[in-house]
Amino acid sequence: MDKPRIAVWKFASCDGCQLSLLDCEEELLDIVGAVHIAHFLEASSRVETGPYDISFVEGSITTAADAERIHAIRAASKLLVTIGACATAGGIQALRNTRALGDLVQAVYPVPELIEVLDRSTPIAAHVTVDAELRGCPVSRQQLLEFVAAALAGRKPDLPEVSQCVECKRAGTACVMVANGTPCLGPVTRAGCGNLCPRVGRGCYGCFGPVEGANCVALSEQLDALGLNGHAIAALYRNFNSGAAAFSEEAARHD
Amino acid sequence: MTERKITVNALARVEGEGALNVRIRGGEVEIVEFRIFEPPRFFEGLLQGRDATEAPDITSRICGICPVAYITSASQAVEQAWGVEITPEIAALRRLMYCGEWIQSHVLHAAMLHAPDFLGLHDVIAISEVDPELVTTALRLKKLGNDLMEVIGGRAVHPINTRVGGFFKAPDSAEIVALLPELEWGIAAAREMALRFARFDFPEDACDYIFVALVHPEHYPIETGRIATSTGLDIAVDAFHAHFMEEQVARSMALHGRMRNGSAYLVGPLARYALNRARLSDTAKQTAKDCGLNEVECNPFKSILVRMVEVQYACEEALRLARAYVPPDPPSVPLTPRAGTGQGCSEAPRGICHHRYEIDEAGQIVTATIVPPTSQNQPQIEADLERVIRASLALDDAALQWRCEQVIRNYDPCISCATHFLKLSVERG
Amino acid sequence: MIDPVRIPSALLPRLFRVVENCPELSDVSTLAILPVDGTLDAGRPGQFNMLYAFGVGEIAISISGNPSDNSALLHTIRNVGAVSGALCALREGATLGLRGPFGTPWPLTDQTGRDLLFIAGGLGLAPLRSAILQALAMRSAFRSISLLVGARSPSQILYPAQLADWAGGGALRLSLTVDRAIPGWTGMVGVVTTRLERALEGCDPANVSALVCGPEVMMRHCCLALEDMGVPSSAQWISMERNMKCATGSCGHCQFGPDFVCRDGPVFRWDRIAERLRIREI
Amino acid sequence: MAESYFLTDPRRLLEDWLSAGWRVIAPLLRDDALVPDILHDPDALPRGYTDQQAPGRYRLVPGDSERWFDAVVGPQGWKRWLHPPERKLWSARRGETGFEVTPDTEDWPATIFFGVRPCDLAAIARQAEVFRRAGDPAYTTRLAATRIVAVNCGRSAETCFCASMQTGPGARSAHDLALTEIEGGLLVEIGSKDGTAMLEGRALPTATPAQVQQAALRIEAAATSQPRAMPAKIAKRLQEVPDDPHWEEIASRCLHCANCTAVCPTCFCTDVTDRTSLDGKTAERWQRWDSCFSLDFSFLNGGPVRSSTAARYRQWMTHKLSSWHEQFGSSGCTGCGRCITWCPAGIDLVAEAGALAKGE
C-alpha cells in the first residue's frame, strides 16, 4: 500500500496542537516512515498539492479568508480531522463570541478600523464536514499517535467517549471534588488528557470539552453546593471549549 | 527600470502565519513589509472581567511553543499586584521548568526548523536522510526539555500544574532525580550540536542592534530580572511601558514594538547573550568561544549558535537546580486578591515577554497589556531584511527568497505569539 | 513458588486460515476457514465464535455452516464497521484469530416429531443455516420443516441458490418475503409477521417449534404473533445480540437482564425473556 | 472461636512480614485519602485519622491520635490490585505466513493485604466468584498468593450500610487474620492455618475475655450506628419497576460519570482494545475497566442499546442489587457505601433503592 499522504493546516490557534505532533519525539521517525507528510508548513518548506488522505486541521475560523480556505482543504482531503479545542469548539478565542467585537478590538488595537475579522470564532465543523475530532487544549500526544496508528491499521481509533472521572479512577486518583471540595469539570468533560489536573490535585478545567450528553445542569448544582457563585460557575465553563454547546449554554444560565 | 518581483505565499518553519512584501526597483529596496496576518485573538480583551488567577492559563494559549513564558510572566504580574512573594523553592522550580521550555523550544527551532536553511534542505525529515544522528540527538534533547516540563508542569504544551503563587503539587524528588542522567547527557549533546552548527556557512552580516534583555546580578536571565538595553538603560520590569511602546501598522495584525524614541530594538538570544554573557557558565562560555561567537555577536545568522549555547546552559542550570531540588512545601503561597496593578516579565526563548494587569478589588482583571517578543522584534526584522537584501542583490530570485526566509527564521518568530502564516512576496525591479 | 498470573485460554485466539472468501451480497461475505494447526471444533448450530482481525479487533460471528462438515468452518459476515470490514476483506490464505465456540445452541435434538418453523430476517439466516442443515440431515425426525425468510429487498436475500435447492428438493417448505419489491419480483411482499399464517399452514400450532433469528423487533413481533396463533411460548427460540467483548461472561457488556448473552444465550427460549424484551433500553 | 491474642502495635507485625520478604499492601495516605498501596516502611501506616463521609463528600481529618483504624473505607477497594484497571491480554506479531499470538503473563509476589475491611472481604469473594465462573484464572491466582489481614470496623462511616447487607462490620468471609482495635492495642484473631503461620515467631499474649468482649461490643456499636439500611426485598422489587418514573428523576441528577462503578469494589466490567505499532507489525490486546455508564458499553448496530442515563442507571442498580443474585448467587453490593460517598452528585444508592421500594 502507498503511504497515506498527510497534511497539517493551521487556522486561528496557538500552534500547540501541531507542536504536539512534533513533540512525538520517540515516534516521529516511525511516523515519517509510515506516512508521507505532504503539507506541514510549521515543519517543512516542502509544500505539495492535494489530494491528501488525511488532513489534520488546527485552529478556528475567524476571518472571511479562512472561511473560504477551509472549503478548499475539505475538497482536497479524504479524511478531515480537527485537532484541538480551537478546531473542534472554537478555542479560547471563542470567548469573544459572547461579547461585542468592537469593544474587544478597541481594547487591543489603537486603530480598530484596520482589523478585519468575523464576529465569531467558529469551529471547523460549522463550515465543513469533519470526519473525526481529536479533543484537547492541546490534543493529547497519545491520542494523536493512536489516531495515526489506528488509521494505518484500519482500526477504529480508541478515543473513549467517557468522562474524565473514568480516567481519574483508572489512574487511582482520589476525586478532588469529593475529597477536597475542589470544583471540577471532570464529570462533564471527555476523557483523553491522561488525567492531568486531578492528578495534581487540581479540578479538571474542561480542556477536552464536553462529554456526550454532559449533564452540566446537575454538575452546576453541585458546584453551587460547594459555594461557587454564578460568575465563578460560568467562568469554569467559559474556557478553551466555551464554544461547545453544552458549555456555552450552561455558562449562559449563570449570567 | 523594471521591477523585480518574488512572491512566496507561505513562509514555512515558523510558528504562525505571516507574509513578506519586498519591492526592489533599480537596485534600491523600496518596500520591505513583514506582515503578520495570523488572525488576532484579542487576548487582552478576553481577559477583562476574568479572575486574575485565570490569566496564566488563558494567556498560555497565546502560544503553544512557549506557554511557560506566558504562564510565568502572567503569574509574576498578578503576584506583584497582590504583593505576593513566592518562596525560593517555588522560584527554583519555576526556573527549572522554564529551562525545559528553553531546551524544547530552542532545539525545535535550531535543529528542526532553522538548520534546514543552512543545509539547503526543506525539513528535518530531509536532514534525517543525510544525517540521522543529528536528528536523533535533536529529538532526544527536545524530549529532555519536554520531560522537564511534563514532570513539573504536568504537560509540555500548556502545563496544568502551575498557578499564581506557585504550583498545585510539587513533583516528587524521585521524579526530578530521575532526570539527572539525561540532563548530564544533554549538556554534552548540546555542546556537540553547537559545534556541529558552527561549521555551517554563515552569511556575512552585522548590525548595530539595540539589544534589550533581562539582566540578573547572579544568573543568566530566564524567568526573572531587570530590563536592560545595550544603550545603557537598566530599569525595573514595572518601567517597561515608560520606555517601550507598541504601534499599530496597517499591514499587520500584530502591534510593532519600538523604543519610545522610535528606534527598533532586538530581543532574544543575541540580546540576552550580549548583555549577560558574563553570567553564562564557564563551560557554556567555552562553547560560545569554540563556536566562534564574539563576546557581543552582531551577525543575526549566528543566533542559531547562541540558541545552542543557551541549550547547553539550560541543561547545566537544570542539572544544578534538579540536584538542589527541595519540593516546595506548601507548593504555592496563599493569595489575597486586592486592587492594584502588576507587571511581570520573563525571557521567552524568543525574547522578553511582558505582562501588565490592572486588577480590581474583587480580583478581576480590568485591563491587560501583553507584549510578546515577536511583535517587539518586528521592526528589527524588517530592518534586517532590508540590509540583507541590499547586500544580496546579486542573488537570483530563488536564492534571495531563501535568504529572506532565513533572515526571518533567525528570529525564530513565533507569529502565534505576535498574534499568526507568513506570506512573502518580493517584487524587484 | 508462586504461579505466574495467566490470562484465561478462552481469551487467547487460535490461528485460522481463510480457505475461501465467498461474496454473498454486496456487503456480505462468507469466510470458510480452517485452523492453522490442530483440529477443528465445528461447534453446534446457534453457537458463535469470536473472530479477530489482526490489529483491528474482535467480533462475535455465528457459525453458519454445516455442523457435520469438517472440511471448513463457515462464517457469514456483514461489513458494518472496522472489524467486520477487515474480516470481509480477508482473502484466501490470510490468517485470522478465533476463539470459541461459545454460547447456547438451537435445541434441535429436543424437537423430534415436531413441525419445525425457521424464521429468518435479513442476516438472521446465517446462524439459522447451520440449524437448517442439521435439521435436514435428520429430516425424518421432524414432522415438517418450514422456512420463512424475510429480506429488505430481493437483492438482499442471503444464500439464494441454496434456498432454491432446499425448496426445489422438497426437503422444506420455503416462503420468501421482501419489504420492498423491485420490478420482476413475483414473490411475496410484506414483513415476515404478515406471512406467519401461511408458513404455519397444515401444522397444528401446538406441535410447532419456532426458531427465529433476525432484528430484535422482528423477533419480538414474530414470537408474539406465533403465541397468538397458538404456538406455545415454550416452543419458540430466538437468538439475541448484544455488544460483546469477552464471550466468557466477565466483560459485562452483553448483559440482558440477569443473562449474559454470550453464556446464557445467544439462543434463548422465548418464554424466558419475553417479558424483558418489552422493557425499553434494557 | 479459636484463640485470640493481644497486640499493642501493628507495626511490629508489619516489620516481621516485610523482613520476611512479603509485599505488604495497606491503606496509605495518598493525597487526601487512604488508598491501598505498597507499604515499604511500617511507619508509613497512617495513624490518628478518621473520615467524614456523606453523599458526595469525603474528608480525611485528624482523629484520635492513638487509633490506627478509625478511618474506614476510602475511594478504592482492593479491586485495583486483584482486577487491575488495565491488563495486557496478549500481543501478536505479524510474520511471513500470518501472525503469532503470545499471551501475557505477570508475576504476583507473595502479598499481604493489610487492613481489609469486612465489606471488602465480601467484595473480594464476590469478584472471585465472577472470575471463577468466567474461567479467568488471573484473579484466583493472585488471591491464592495473597494473605489477608482483615480489620473489623469499630467505627462506621455515615455512608456504610454493611450491616444491612450482612457483610460487616465484623469479618464474615475468608481472611487469615482479623484485627479489631481495642483499648491500648489490637485484638488479633486467627482465621486460617496461614494466619497461624503468619504469627509464627511472635509470641503474642492471649487476649483476656474482657478484651474479646470489648472488641465484639465495638463492632456491634458500629453496626447499630449505621444510618442506612438497604430495603430487604430490593432484589425482587427492582424486577418489578423497570418503567418507574423515578429512574428519570435520578437521571436528571446523575452525571453518568461512572464514578460509582469505578469505586464499587465488585464492579468488574471491562472493555478490550487493540493497540498497534506504526509499522503495522505488532498488535496488542488490552483489557481495561469499563462501565455500564459509558455510552459505548452497549453499542450495537450503530447505536447504544442504553442511550438514556435513566436506562444506564437502572442497569447499574438492577445489576448490583438484583440480577447479581441470579448470576452469582449473592448481591453485587456489599454495603461499603463508596458509590454514595464518591458520587460527585451525591446520589445515594440506598435512598434511591428506598424510593423505588416505596410503591411496594
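Lettered A, B, C and D in written order, each chain numbered from 1.
Note that a contact is a pair of C-beta atoms (placed from the backbone, for glycine too) under 8 Å apart; a residue touches a chain by one contact, two chains touch by 3 or more.
All values derive from a computational prediction rather than experimental measurement.
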item	value
Neighbouring chains shared between chain A and chain B, ordered by label	none
Chain separated most widely from chain B, comparing mean CA positions	C
Inter-chain centre distance, chain B versus chain C - centres from mean C-alpha coordinates, in Å	65
Chain B-chain D separation of Cα centroids, rounded to whole Å	51
Euclidean distance of C-alpha centroids - chain A vs chain D, Å	36
Whole-Å gap between the CA centroids of chain C and chain D	40
Contacts with two or more other chains, residues of chain C listed in rising order	55-57
Multi-partner residues of chain A (each touching 2 or more other chains)	153, 155, 201
Those chain pairs that satisfy the touch definition	A-B, A-C, A-D, C-D
In the complex, chain A residues that touch chain C	153-156
Interface residues, chain D side, partner chain C - complex	87, 89-90, 92, 94, 97-101, 103-110, 130-131, 133-138, 141-142, 144-145, 242-243, 268-274, 276, 280, 283, 285, 287, 290, 292, 297-302, 305-308, 310-311, 315, 319, 322-323, 326-327
Residues on chain A engaged by chain D in the complex (per definition of touch)	27, 30-31, 33-34, 145-146, 148-150, 152-153, 155, 158, 160-163, 165-166, 168-181, 184, 186-188, 201, 212-213, 215, 217-219, 221-222
In the complex, chain D residues that touch chain A	30-33, 35, 56-60, 74-76, 80, 85-86, 252-259, 262-263, 273-280, 283, 288-289, 291, 293-296, 309, 341-342, 344-346
Residues of chain C that touch chain A when the two form their complex	55-57, 81-82, 85-86
